[in-house]
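Just below is one structure, and these are the notes that go with it.
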Amino acid sequence: MAAPVPGIVTRDAAQTPLGPDLGHDPDLAAVAHVISAVRERAPLVHCITATVSMGIVADGLLAAGARPMMTETEAEAPVVTTVADALAVNLGTLSTDAMDGIPATVAAAVRDGRPWVLDPTAIGLAPVRTPLARRLLDSRPVVVRGNASEVLALVGSGTGGRGADSLSAPAAADEAAREVVRRTGGAVAVSGATDLVLDAGRSTLVARGTSQLTRVTGTGCLLGALTAACSVVAEDGFEAALAATVWMNVAGELAAERAAGPGSFRMHLLDALDGVGAEGGR
Amino acid sequence: MAAPVPGIVTRDAAQTPLGPDLGHDPDLAAVAHVISAVRERAPLVHCITATVSMGIVADGLLAAGARPMMTETEAEAPVVTTVADALAVNLGTLSTDAMDGIPATVAAAVRDGRPWVLDPTAIGLAPVRTPLARRLLDSRPVVVRGNASEVLALVGSGTGGRGADSLSAPAAADEAAREVVRRTGGAVAVSGATDLVLDAGRSTLVARGTSQLTRVTGTGCLLGALTAACSVVAEDGFEAALAATVWMNVAGELAAERAAGPGSFRMHLLDALDGVGAEGGR
Amino acid sequence: MAAPVPGIVTRDAAQTPLGPDLGHDPDLAAVAHVISAVRERAPLVHCITATVSMGIVADGLLAAGARPMMTETEAEAPVVTTVADALAVNLGTLSTDAMDGIPATVAAAVRDGRPWVLDPTAIGLAPVRTPLARRLLDSRPVVVRGNASEVLALVGSGTGGRGADSLSAPAAADEAAREVVRRTGGAVAVSGATDLVLDAGRSTLVARGTSQLTRVTGTGCLLGALTAACSVVAEDGFEAALAATVWMNVAGELAAERAAGPGSFRMHLLDALDGVGAEGGR
């Protein structure tokens, strides 16, 4: 795990005993108002995401109490996004339809004052999505969520990840994340074994979760979409990113306790997103 | 729940005790011959469906004993649909490929006398799929399946749903559904907490199922595809739509009893589609 | 089951008692070094696959210890495949993007000396993928994996499958498979109730697995992608195809023991891909 950074709160899963008193999980308690507000508001989130992750993104948003909407053509996505509460854009597949549809859809969300989240999946080497992601920063996403390699590639450092992998630890992307914040005025969430969430004034490391989250496709994409859902009810991008990060990681911890392998982990993760912090749940 | 409509049989889940004698479920008994025939015939169903729901549609058809086939380009879909027993068209994603491929694929199915089912997902606001869905009515789908908002939008009333959501109760779409029936000569199934199935001469409310079905992506799309499978062996569209609706809803009830959340509900739903009404099953 | 073919080793699941001593499964023992090497190397596999099977392909590769990458446009797929260890090409959907992207992506993999696997899903009737699959043989895939109908259609015999179905037993494709081997210099795996794996010098029938594998979408696609993962660490295509076939089938047997239906079978299959042959696992 990364060494504690001065001025940054580090929370360690090992310091948080699992048990029947999980309602008292301090990380969860700090973001419980956002989780409850998502469940009450049931925000409609338009998602343009990697094809392979569509299932877990949609089912994960539903489990969390939000409502997903997915279409990506230039002809329809900008129109239907006008009735959504937030927009999540993930570059994971970047089909021709998505390539054409994303700029107009982001513009529609911005025009209507909807918060939107950018997940620059697998940028760096890929020749189309890399410049696209950089241009999209001008549309000021409320949160940029990616792994360290992707955040580095976003500001022109490093060579990007290989697929959804990250070759760098979140702390290595600290400077790059601050550069993104300067450009967007929003927040950045850098995912990894320890997650880093920061904006212009705050910075937190979240040392929760489980490596099992890396054994299921699309958990990162889901985190981006969940962040968009949280951004509808949260104070700002930082609070949204922090709430979504804790929500996913605590759900992951619960799922890991129950799972016999990556197949059952995926199922328990969706159950836990529904149950985390709910009455009778954790 | 909607008040009983005169002349319409209302079945209430509360009147159907769950227990070991579920083989005697009267709703299930009324459609058991269709379910058995699907399992025996194993109809091949070509599906053009929302990308996000492809997994549950294909796995759900397989669990039900049918066989799915999925491709949507104009170059191939019309050709391969000629070996299918039925066609299910869902407008949920409407990629450029699907936009181009759907009209020719429907025409091929019609030319070969195959039954086909239209699921006008999310029409209303969306500018391409709304006129497309209305034009497709001329190709006389054996069943149109949608939520109330979508059925209203199909005949030009209302503003359509938001994504897969319905803002209206099925009964509110009764007149619109009858208008669709007049145009297609087939049946309409309006999904909701209570489902409405009708054709020119019959109308039934099905008050079965569970709200858990709305917590998993693609259950509506699967219902449309399952209706197409049933249409291969049923007397007509009405019988196919009623059988598929009862099958899905009873499977949903069984799954809800066993599930700990939406993740495990999805798994149990697929198991229950396989087990419902089978020897040793419900 | 197909009758034993002279000179071909037939292994029968019925002769392999299930129990705590499954570590001694002789089929598994014969390929355990490949399975272990995949887990150690964690090969990055670029996959162009049927849209409906993307989820199980990606989650299955992750469960097996490999790492999936998926994008299919001509603009990006050939570039990102250069950092992959292997390429798996499945023609199941053949979107316009994939149609354009596949030839250049295969060329990039060949140029870089990466092994690649061809899965000619549903060729025969389909007018675009059939000639494409035949042309791709010139790029010498290390393994061609398909059902008997597809392998027959690849060399111009038979009329191909219907969707993912096979109308022919693997043994019926023996001659066609040998013709493919003559053209590619690699191996061919013909999937069915009994699987046939052969190359220029060797031929093996694998009578393992369970019919439950045909009740879940994409298990064949996953087998193709798993073969690509194995080809990174195996001696040659034959060893890769045999290892992947045994791995999938033994995992399927384990999952079938635990499953209550096709929904839970899918989950247990992913768990079993992770657990098979691992310490404390089978």
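Lettered A, B and C in written order, each chain numbered from 1.
Just so it is clear, a contact is a pair of C-beta atoms (placed from the backbone, for glycine too) under 8 Å apart; a residue touches a chain by one contact, two chains touch by 3 or more.
Everything numeric here is computed off the predicted structure, so don't read it as measured data.
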item	value
Each chain counted as touching subunit B and subunit C at once	A
Copies subunit C and subunit A - interface residue numbers shared by over half, same or different	different
Centre-of-Cα separation between subunit C and subunit A, whole angstrom	33
Contacts with 2+ other chains: residues of subunit A	51, 55, 95-96, 266-267
Touch list for subunit C against partner subunit B, complex	50-52, 55-56, 92-96, 99, 122, 125-129, 162-165, 214-218, 259-264, 266-267
Subunit A contact footprint on subunit C (complex, rising order)	44, 51, 54-55, 57-59, 62-63, 67-73, 75-76, 79-80, 82-84, 95-97, 266-275
